[in-house]
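In this document, chain identifiers A, B, C and D correspond to the written order of the chains, with residue numbering beginning at 1 in each.
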C-alpha cells in the first residue's frame, strides 16, 4: 500500500507540472494582458511601463522559466485582480469553495446512494418511477439554469433567502454570534441546494445502474435462498458490492463538482475559486489564473488518489492480496 | 462481422421499452426538423421583421413562439438553433469517440510502458476540470467559429471514452479467442481492428449517446458565461441564455428554446440508459428491458 | 450660438425639488452594488474604472469644483474646495490658490501648499505611469509662496488653463506618498488604503468583496449626510439587479433597459434617469489593420463611409435598444455638450446604394457587393461587457445586408478588444467614449497628433484643416470666434464620416426608495454623494449601524 | 406410503418474453418422502432448475408460477404463503445448493459471516451464537482449522472448499429438504466424490431429504433412491433407481443411459441422442420427444402421451406402453433424416 501511494504521488507531481505548463502557455498566447485596462483612456506608453515592471515584456520562454522557478520556490506571484500575493488570495478564496464543495459532496453522496437504493427496491411503485424520472430530469438540466431558477424563486419572487454573497455584506459584523451564524447559513442554503441537486441526481443514476449491475449475480440468489429479506438483500448484499464503483465515482466527481461550483458561484456571487477564476481570466491575471487551474488539478489528483486508496481498503479482493 | 454487429444493435433497439422508444421517436423527429430547418422555417434565423414595431411580441398565430428583442421569429430560430446544437454536439462527441477509442485501444493493445505513459498523460488532462479548460480557452479566443467549437468540445471530452475503451479492451484481450488469434500470428494492428474494436463498440455507442446530451448542456452552460455561437447564429443554449436574462419580461424567448433543449437532452439520456442495458452482452438474455427494468432473478 | 443645453434645466429642477429637506443631523448606510470583483488602484492618478473614480472623488479633494453646467472656460461656475480663493496674475500666466487653513488630511495633519506642489510633480513624472502627463502639458509647475499659498505657472494663456489645474488634479498627501518610488505606486499599500482630505474616509477594503467608506465627521466643509457607504461586489449585472430589487442593495449605477418596468413596480426601489457624458458610435478604421501605413481597402474611401452612415436607420436602432431612454447620436460629443447645429448624413438607403455603385462596389450574384475581386466584407468588433453595443452589432449586421455589405459580428472579451483597439487591428468597431468637459479635449480623440499609443484617435483619422481649426479654437479668447471655429471643425469632421454617430445613452440607476439623491452630474453620479441623505423616519436596520467600527 | 414431505401437483412455470410465452415447466407432479433422495435428471433446458427455483418461489418477472399449481410442503401450500412466511421457510425448512461455487458466495463478506447470517435470520440469537454455530458447521463439513477459515473471504478458498461452505450454509438450520442444483458439475471428479459422500453422511445425520438435480446419470445411480426424468418441461419417466437402470421404458431414458460411460465396458463409441431440446416457446403438438425418438410413428406426432403406470411406482409418458410392438421397428429418428 505504501509503495502504491509513493508511485501515485510521483505521478501526481508529473501531472501537476504538465498542467502548470499547459495553463501557462494557454493564457500567455491569448490576446491582451493584465495591463490592457478596460478603460481605453490609458495611453499605450503607460501600459508598456507597467508591463515592464512585471516582466511581461520579456520573451515568453524566459517568463516561463522565471515563473516555474518561483513556483518551485513556493512564490506564486502577485494577483492583479485582488491586489494581494496569489498565495494569500487563494488562502482566502479556496476555503470558501471547499466549504461549498465539501458539504455538497457529503450530502449528495448520502442522498444519492439512498435514492439509488430506494429506486431499485421499489422499482414497481409509482413513487420510485417518479423519483427516477425526476433525477433523470435534473441530470438533463444545465447547472446554471437550475441555480438561476432557485435564485429567482427564493430571492426575488419569494424573497425569503438572500440573493447571493456569503454573508450580509452590511450587517454581518454587527450581529451577535448566534445571528451571525444564522446569517452565514442563510446565505449557504441556496448555493448548496443547487449544487446538491445537481450532484445527487448524478450519483443516484450511477448508484442505481451499479445496483442493477450487481442484482442478477449468483450470490444475490443464494442470499434469497437463505431467506434473507428484500431490504437486506439490496441494502446489504447488493449495496456493499455496488458501493465499490461509487468510490471511483467519488474520485471522478471532483472535476464535475468543481465545474458545477463555477456556475453556482457565478449565479450566487459566491466569491469562491470558481467565480474568482472567471474574473481573473477576464482581467488576464496570469499568476492567479495559472495557480487556480493548478489548484483545481491538484484537488482532482488528490481526489482520485484518495478514491483509489479507499477502493483498495473497501474491496477485500484487492486489500488482502 | 459488421453485419452481425448491426443485427445485434437492431435487436437491442427492438428490445427497448415504450419510454425509450418514445425518446427515439422524439429524437428522430427533432433531427428531421433540425436538418430541414432552412426549408420549413418561416423566416431565416437572422431576419429582423421590424425592429421597432415587432420587438418582443408574445406568441401569436403569425409567430407561434413569439418574436425576440430584435423582432426575429423565435420558432425559426429554435429550428436553426436545434440544428446547430445537434450538429455541434453530435460532431463533438464523434470527435471524442474517435480519439478516445484510438487512444484507449492503442494503450490496451501495446500495453507496458506505452500504456503507463498514455495513462499518465490522460490523468494530466483529466485533472484539469473540463469546464475551467473550456472557459480559459474560449474566453480568450472567442469568438470561435463553429467548427473550432466542435473541435474544442471534442478534444476536451474524449478522456472518459478512452478509459472505458481501454478497460473493455483489456478484459477482451484476455479472452480465449484473442489469445488464439495472437497465437496464430496475428499482428497488433489486426488484433486491434478485427477483434478488439467490435467488442469495444458497444460501450462507445452508449457513452456517445449519453455524451451528446452532456455536450448540449455544457454548451448551454458556456453561453451563460458569455462564450458561444456567434451572432446571428445561435444554439439552443445561447438563445436560452439570452432569454433568461430578461426572463420576467419576455418569457417565451427563453421558454421555447429551453423546453426543446431539455427535451432533447432528456431523450438522449433515456436512450443512453436503455441502450446500455439492452446492448450490454451480459444482459442479452434479459427479457423486457428499459428504464423501468425490473431487477431480474435469472432463470434458465 | 450654443443655447443652454436641455440638461442644465433638468439639473436645476432636481435641485429645487429637494429644497424642502429638513436640516438633518445625518445618518444611514448606503450599499452601492458593483458588478465585477476587482477595482483598479484607489489612487487618483491610477483610478480608471467607474468604481475607482467614485471612491477617489469622495476620499480626495480638488482645488476647486466645476459648476453644474460643466463650463471649462475660465473659472466661471467653479466653487471653492481645498482652495478657499484664488487670484489670477495680471498677465494670467499664473494663478495663486489660497489653501483653506481648516483643511486636514484624514490622519489629522494639515493640508499644505507643498502637498499641491508634490501632487503636480508626481502626476507629471513619467515613471508614475499616470494618464495625466499629456493633460497637464500646459501647466509648467507649482511654487509655494507660503505654507497656505500655492502658485500655478502656465506655459501659455489658454481658455481652459484654470480647468486644467483645478479640475484635473486631486491633491495628494506628500507625507504619505513621498517615500514610495513612483513606478511601485500601483502595487503599493497606499493604493489599497487611500487617505485623502475628502468628506469620506476609507473604513475597510476587502479584496473581491467590498470597499467601505465612513463619514469624516470633523470635515471643515461639514460632515456628509450619510454615515457609511459600502461598495459591495457581485458577479454580474443580473445579480446586482436582483439585490437592488430585493432591497439588499441601495444603488446600482447602470440598469439594463428591460428591467426598468420591474424596478419601478418592485415597491422597494425606483429607477432614476441621469445624464451621462458618454456617446456611442461605430468607428471605421482609416488604415489597413495589417499595414497601418496604408489606407483601409474599404473605409479609405469617403463615399463608402458616407454610404454606410446613410444605410443605417439610426433612429429605429435607438428605439429598439433603449426604448425611450436613448437619444440619437449627434456627433463626436454627448448631448450634454452637443453642438446641435451640425448636419448629419440622413438615413437614405437608395442614395447609399448609389454612392457605393459610384465608388465601384458592384452587387455580386450572392447579393454582396465587391470591387476588383474584393468583397465588401468587414468585421465589426464589440466587447462582450457592453450589452447595448452587442445588440447594436446584431442590428447593424442585418441592416447592412440590405445595401450589399456583409458585417461579421466579432464580439470578444473586453481585454482582447482594448488590445486590438489600441494596436489598430480592426476594420470597424463599436465604441463609447466619455466627452471631456474641456472643449479642447476633442483633439484627444480626433486630432492627427492623437494617434495611439499616446492619444485616443484609434481609427487614425487625420484632417489637417480640422486640426488647425481645433488648435486655434482652443487658444482664442474671443468666445464667438471660438464657437464658430469649433462649429466649422465639427461639421467638416462629420462630413468626413469617420464614424456613424449611433446613440447617446441616458444612463439609469436603480435606487432604494428611502435614499434621497443630490447633484448627480453627467461626468459622475457620485460627485454629490456627500449630500445624499436618508430621512429619519424611513431608516432600516443597516442605517442604525452609525459610525461605530465593526467587531472583527 | 407415509405422508410425503413435499408433493408437487401440476406445477406450471411460464416466462412471458417478447419472443412469446416460454412454458419452461408445463404441468409437473411428483412427491418426495422424508429422508428420501430423489434424482431429477434431463438435458439442460428441460426445466429441472426452473422446477427447483419454483419450489422456493425464487422465480422473478418475467417468469410466473401459474395459479393452478400446488406445492404442498409440511401440510401447507407454499404458493399460498405470504412473502414473509415463505422467507421463514427458505434456508430454514428448505435449503438450496447451487452449481457455481465460484460465484455463489458474496465476494465482500467473510465466509463465516455468510454462514452465520442464516442463523441470525432464522434464530435471532445474536451475533456471537451465530458465529460459533457457523464455525461448528464448517467443522461438520470437513473444513480444517474452521475458526481461521471463517474469517477468510471466498476468493481465498478453492472450488471444493467453497462448495463445502455452501453446503454448510444450507444445512445450518437442519432443513427438512435440500435442493441441490447440479452441486458437483463445476468440480473435478475427485472432489465430486467427496462432496457426494459428504451429502450422504449429512443426510444420515439429520434425516434430510434431498432433491438432487443433475444431467449426470452416474451421480444419480450412486445417491438417489428414486429417479425422475424430465424432458420438454414434463416428466417423461419416474421409477426407483434400480428399475430405471435395469429396464428403462421411455426411449429418452434409454438414450440417456446409452450416453453414460460404464467402467470396464469395452465400447468404441457412446450412443448419442441426435437433435436438441425444442424451444419452450412452442412445444411440438404430439410427443415432445417425437422427432428425436427411434420408435416414433404417426400417432406420436399427433397425440400427446399421458403418464402411463407401467408398474407400481414406475411411470412413463410413452405410447409404447399401449403399443409395445412398435419397439420392434426402430428407425433413424426424424431429425437425423432431414
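Of note:
The definition used in the following text is that contacts are C-beta pairs under 8 Å (C-beta built on N, C-alpha and C of every residue); 3 or more make two chains touch, one makes a residue touch a chain.
As the structure is a prediction and not an experimental result, all values here were calculated from the model.
Here the chain-to-chain distance from chain C to chain D, counted in touching steps, is 2. When each chain is reduced to the average of its Cα atoms, C sits farthest from chain D.
For the pairs A-D and A-C, the larger set of C-beta contacts lies at A-C. If you average the Cα atoms of chain A and of chain D, the two centres end up 55 Å apart. Centre-to-centre separation between chain A and chain C, using Cα means, comes to 40 Å. With each centre defined as the average position of its C-alpha atoms, the distance from chain B to chain C rounds to 47 Å.
Looking at chain C, residues 413, 416 sit in touch with two or more other chains.
Those residues of chain B in touch with two or more other chains are numbered 139-140, 294-297. Along chain D, residues 58 each make contact with two or more other chains. Against chain A, in their complex, chain D makes its touches with residues 56, 58, 83-84, 87-92, 95-96, 98, 100, 103-109, 117-118, 121-122, 153, 155-156, 166, 169. By the touch criterion stated above, chain A contacts chain B in their complex at residues 11, 14-15, 18-19, 22-23, 26-27, 29-32, 120, 123-124, 129, 132, 136-137, 139-145, 148, 152, 205, 209, 211-212, 215-216, 221, 224, 234, 255, 258-259, 262-263, 266, 277-278, 281-282, 289, 292-293, 296-298, 300-301, 304. Put simply, chain A touches chain D in their complex at residues 217-219, 221-230, 237, 240-241, 244, 315-317, 320. Considering their complex, residues 29, 31, 36-38, 40-41, 48-49, 126-127, 129-131, 134, 183-184, 186-187, 191-192, 207-210, 230, 232-236, 239, 242-243, 245-248, 385, 413-416, 418-422, 431, 433-434, 452-456, 458, 541-542, 545, 550-552 of chain C touch chain A. Of all residues in chain B, those touching chain A in their complex are 120-121, 123-124, 126-133, 135-137, 139-141, 213, 217, 220-221, 224-225, 237, 240, 244, 247, 258, 261-262, 265-266, 269-270, 273, 276-277, 282, 291-298.
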